[in-house]
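Sharing a structure below in structure tokens format, with a few things to ask.
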């Protein structure tokens, strides 16, 4: 199997698939659960093996292939073929997907291991343990399909598939209707994104088709994209309000459509609403799917299609702005949340916004870099939160925590690392990634209003530091606010849970070295081109290159650190030293506070403006009026009734039963006939 | 003057006529205290004897007709051929005889059930049949009129045959009054035709007919009225439902089928021989009449609760369909008419037979609801009824569909040849009508199969005769639908379709005797 | 001249008495008598049309048999004056009557338009002999059928009419 | 004897396939006629065997099918009614292949599924199901318009009885509505057929009048008739004929305003009825469009396409919206069918290979997934005798296996990748996008809605707390039911993962059909909004590509 | 000078009178009589035409019609008697059990 590297590629996704299939089929047909050890073996070993295999493949990629053509594909068979449309089922390993699979399998494996401990004493559902690992493996498989896909369609398979898994896992504890509802919400909102994705595929395919190269395969598209760069599409008249009417660049259109998909998947404005609700699922799920991997798929996709976005400045600017706005918006919401997972969720949204901001200013490597570091620290934070939640017996409200530092020292330590990382303090990983993003934004002159974006990014950074520290203080410091009966049982978690925490903490600390900015590399260690990730990714997603002096880089970095520290300080002041200030403060800005506390009423808005009206119209108008009343009763039965009434109310009356009326009718008929025959008469 | 009479040409008629004359005598003989069987017979036995006797005559007539069909065209009297025994008359005679035979078979038990088992019944049926046979072959106004009356007068009485039942009386009276009124009109029309042309032979009338002259057209119109009455076409149809409902069921079946067949035969003759010169006017009128007939028949049938009455209206509607074939006026058209008449006989008689079997305890059970649950209690009857209904509705693979198909096929063929839109419209209206007709035809199987049977009203089992008739109808309906070509191979290569076509050819090119 | 007088007189009588049949509401017997009168005068017209045989038959069968039959039935049921309730569909009958009047007028107009003259016919024309010859040669079949018809009518009348069937 | 039969079957595979269901019933009838009393179980078992034989024949047909030719295969031709051009003429090509296989595949499943549901009048039930099967297969396989019409109508009677006898409370209304509605359309089609036939007769005066759709032995068939596009008389024009044919097909499909018979029929029909209805019967409408309307009236097709597309899109969105608010599961699925078949119509009228193949595949998909849904709902109904969504909730706890199958089926029908629905919908959408992006956008929004109503239903039925205590006692699927469900799910996954084994056989026939349309004067290139420029592009570029010139 | 059309007019009048009677008289016996009147009208025109054409067909026809008329009357009156026996009324309007 390892004899040839291409062949081995397919096994990266298939290994988890095997795990999923075995336990899945067993679940369907058998009544009991597989023995736990077997479940664990299937559930955890397959991702771990996949990780090992990915390591090997990536190593092969990095070593055996010369720079410039660092990619290879593993083609299984032609999946769909109709006319000129051909979609191979084939996998592509190039630097971009290499990074992704490492994250997916690596972080994924850790979370799998963690789940052994986390799901262990969950008795809400018989066979829940096996079901959980089945879903998780399935997810891993589909996520790998997504990142390894060689063409848009395979990517889309993973794209939708992970949506399904997220649906299943959010509603994992289905007996609570709320969970099921959240899962459904996630799926539907994602579908809205997929809607855009599909249309994007159509646009691109037919565009390339007209250029004479019908393809949706990434490398081919990248090769021919120049030929359709100039294509304009005429907008229909009713779209007159759009900028750039009456014609748009076809690539801009495509880019925007794909970005709609990304918004859905990666929870950007206006489609972010599902992610906070997604926290209804088990915590490992939140860590894996809704922090580390799936939600970053949008970023990955934008980078994957960078060759399109680079030719579509309009689309790119949109990405940047949406990302920046989302980052700020979500950060503000995160400030006032009380549910530990909700806070992390909003921070995820915000961080994703950061990534899109990076991608939007065409510094894709920065985006990916932040994606990686984010995967580390956010997974760490979630898992830490999970361990906390286990500790306080499935309590998620941070008002009922506090003072856990002494009771759960290791959790506390790792969590702190995570917090500091996300706060963007050196030397932690996120410091470098954020720094690169900020730099990119600062230098992106071709993006309209890039300085504004930069400012927003800085504010976001401050806010991030602030609310994360708030979370930290409220959870771990001060005296414990948990109910008495719980308080006594709060214990540190077993190794199976702590282990992954430590690994992730380590990664959070050291992860930055993967993309150590050149400035730092040269200055402190004398390594040229130390931003290895940047150069590694260059051939899959060429970032915009800016000439910049080291001084300026340090200046910006310093600014960023100061901002972050400011945020830290605020949090420390409010939630550690002078906790009494908080109520006063909120009292002062109550309306604003309520607005933010209610997440700007966005959910309610959607309910009122879209969901409810749609339901009401469908029921009252389409179904009861149009279908039942107009078409069926008036149209169909009405016709039948009319036909019947003609006889029953009309013709029947002629049939009086009186002979002489018959005679009369005959007479009348004959007279008419005669009149018709004898013209003279 | 020299006469050359070809008695043999009358073969079929003779067989039936002998029956018509002998049966009353036989009845009297059998009714005596001391019969040749040396003991008095119950009325049932007497009825059975007479039925068998008449059946014998009918079968002989049938055989003779079958032979005649393959034989040459013959006339009775060379010097004045009042009738022509060509294939059309033979074919229609066969249809009439089949209908009559089945009626006779069913009547035995039915008459016993409704307690009016008089021997005269069969004599009257026979004489009526005789009239029909002459009607189908008459080429002369006088004979046409006579045959018409010979057919109708016994029917007036037959429909009033349940002497004690008011409904039966009423049916008879209405039929008598309106019927003789119609035949008076017909007679006046004939008189005018005679006056206009100076001849009573259809062929000569056709030769001398002048579409411009008012009297000729007046006569033509009145004749059409008279015949239109017999085929119960709108607006001369109103007697039919009342009469059919009131008359004893078997008689109704007899009237609904054979009378129509014979009358259409007469209409065929008149149209092809006499009124040919006025064809466009005539066809224009018939077009309207056909559409009216289909539509009114179907619409009125929808609202009926009594199955006999419903079938009456359905028979009106079917008259409309048949008229389509006449209007087309091509060989295919006439062939379709002939075929349809045959099919129609089986379909309708099948239905009426079931209704007749249902009669019990001296009265009819002819409300549609009386059929409830028949599918469970009497599968054969239910199946026969259902298939008859589907056939009447014209659903493949039944004969009814084949018939309709040929009619509309003829219409469309002619239409496409001449680009005549009216024929296309006629076909469209026709199919729309048969869609409407589903509304009532489907109700019957619906009641029979989807409703629970009424416990205390289980109909008695069909006897041998009835079962025979039912199976015959079923077989005919299915076979004529699936293999309309060679159904009657048993009768020596009797390919219905080609035969109808051949007959129609003779109709169009009247043979010179 | 005489011919015209006879024609007008008898046709007048015929039509008048026919009207009597229709309009004489009170007494059915009178109606029957009117019918006889009308038929007799029609018989006269027949003879004027040199159709002696038919004329005779008309007198014998129609006047002599048919109308007598009518009278017989009327007597049997001894209903001299008929008293039917109120007219149930007067409008229909009014319209019908008008229709009939119009049609009659039109008809008369139309028929009076057809002018043809009498051909010369031999003295044989319409005599019993002449009719007989035709009847038993050319119209033999019709004659036979008429016979069957009579038989059928007989049976029919018996079966329906006789009071009680054993 | 046996190998005699075997040889005959080998020669007349399609005939055997068509008539084996109904003909084989003679055996038990004979036995009963000779006084053997066959128990109900024996009847059922016999029927099952027969259906399995039919399935075997279907698979054999598939095995023999030569995917490299686009013309008719395994043709059988023999005179039925001489002199009328009415022949027994059957054949199969890539268009009918999978519909036939589908029909053959569904029958045994249905019989197994309704093994216990059908308690009363079992013999009649079996008889009608077999007759229905014969009718459907015949309609798919016949190449003589008369034969087609006969089979087309023959199907009505058994369906009428199946709904009417074994149906729910409102069955009488539903079944009569179904019957009359369908019949109305098909009668108009009969007139259309006749006009066609005699147009053909006029165009080829030399030949005898014929109903053969595709000419046999060199003679020109109806398909070769040049049909005027304008000129007198109006009723011989393509548009009029297209409407005469199209109405009956549209009612069968059903296309938007003619759809109201479907929910009634589905709700009232027994499980078997619903499955056949959704699985195969509805496909006859779309099949009719594909087989007859498109190639016979290509110009009218393109002229009237905007209307059809409009109705189809309305159907998609409207059906989804209405399905969203249904309380009765079956009714919901019925409206979902309306929506899904709207997709099929779009694919057909995209008039490019993507669309057509997608549509054809989607017919099969819909047959599988909706059929499976009805089967599963039927299993539920067996247990609770209610179909109101509100009656359930939390079933996933008591019936995990059932839930699993149901969710998989749901996902298939909302077009999740790696399941069958996606392939079809994707191809349809990409195909129609070439014709009208706007339509494609609207239609694509339908997949959002489909997710909404399906998942909503799933949630309310399977998730959440077990509100009703009756549901606590529900037992999970038994072996028989598991078998049925698995048999339905496996092909879904197969199509989803490896659709080529279905797409490849279609390819030739469909591209042949498109070429035929062009040969008969349809300017498909112009019809393809994008295809037009693609025509140029393909001429410049080396490969003669273009959505309409598939090869 | 009397011409054929005179006779035709008379016959037409007779015929129409009969029609009128059938239409308006409710006494079934009288209706039967009126039908006889119609037949007579037809007869007259037949005879007149026969004279006009100088052939006997018309008179033969009349002969047959008279036979038919006789039979018709016999049967009709029998039916009427039966009716009276069952329901003591000659009013045609009383016989409308069967309708619609």
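In order of appearance the chains are A, B, C, D and E, and numbering begins at 1 in each one.
The rule we apply is simple: a contact is a pair of C-beta atoms (placed from the backbone, for glycine too) under 8 Å apart; a residue touches a chain by one contact, two chains touch by 3 or more.
Just so you know, these numbers come straight off a predicted model, no measurement behind them.
Touching subunit B and subunit C together: A, E.
Shared contact partners of subunit A and subunit C, listed by label, are B, E. Chain pair with the most C-beta contact pairs: C-E. Taking the mean Cα position of each chain as its centre, C sits at the greatest distance from subunit A.
Centrality by Cα centroid goes to chain D.
As a whole-number value, the distance joining the C-alpha centres of subunit A and subunit D reads 38 Å. Averaged Cα coordinates give subunit D a centre that lies 65 Å from the centre of subunit E.
Subunit C and subunit D have CA centres that are 71 Å apart. Averaging Cα coordinates per chain places subunit A and subunit B 79 Å apart.
Taken residue by residue, subunit A touches two or more other chains at 640, 652, 655-661, 663-664, 667-668, 674, 678, 680-681, whereas all remaining positions touch fewer.
The multi-chain contact residues of subunit D, meaning those touching 2 or more other chains, are 180.
Of all residues in subunit C, those that touch two or more other chains are 88, 93, 96, 100, 103, 110-111, 113-114, 139, 142, 146, 149, 152-153, 156-158, 160.
Pairs of chains meeting the touch criterion: A-B, A-C, A-D, A-E, B-C, B-D, B-E, C-E. The touching residues of subunit A, when paired with subunit D in their complex, are 27-29, 31, 77-85, 125, 127, 153, 156-157, 160-161, 164, 167, 171, 174-177, 179-181, 184, 187-188, 191-192, 194-195, 198-199, 201-203, 205-206, 209-214, 236, 614-615, 617-619, 622-623, 626-627, 631-632, 635-636, 640. Residues 640, 643-644, 646-648, 651-652, 654-655, 657, 659, 661-663, 665-666, 668-670, 673-674, 676-678, 680-681 of subunit A are the ones that touch subunit B when the two sit in their complex.
Listing the residues of subunit B that touch subunit D in their complex gives 390, 395-397, 401, 405, 408-409, 412-413, 415-417, 419, 421, 424, 427-428, 431-432, 434-435, 438-439, 442, 445-446, 449-450, 483-485, 497-498. Within the complex formed with subunit B, the subunit D residues making contact are 80-84, 149-150, 153-154, 156-157, 160-161, 164-165, 171-172, 175-176, 179-180, 183-184, 187-188, 190-191, 194-195, 197-199, 201-202, 209, 232-236. Listing the residues of subunit E that touch subunit B in their complex gives 8, 11, 15, 18-19, 22, 28, 31-32, 35, 38-39, 41-42, 45-46, 48-50, 52-53, 55, 57-58, 60-61, 64-65, 68, 71-72, 75-76, 78-80, 82-83, 86-87, 92, 95-100.
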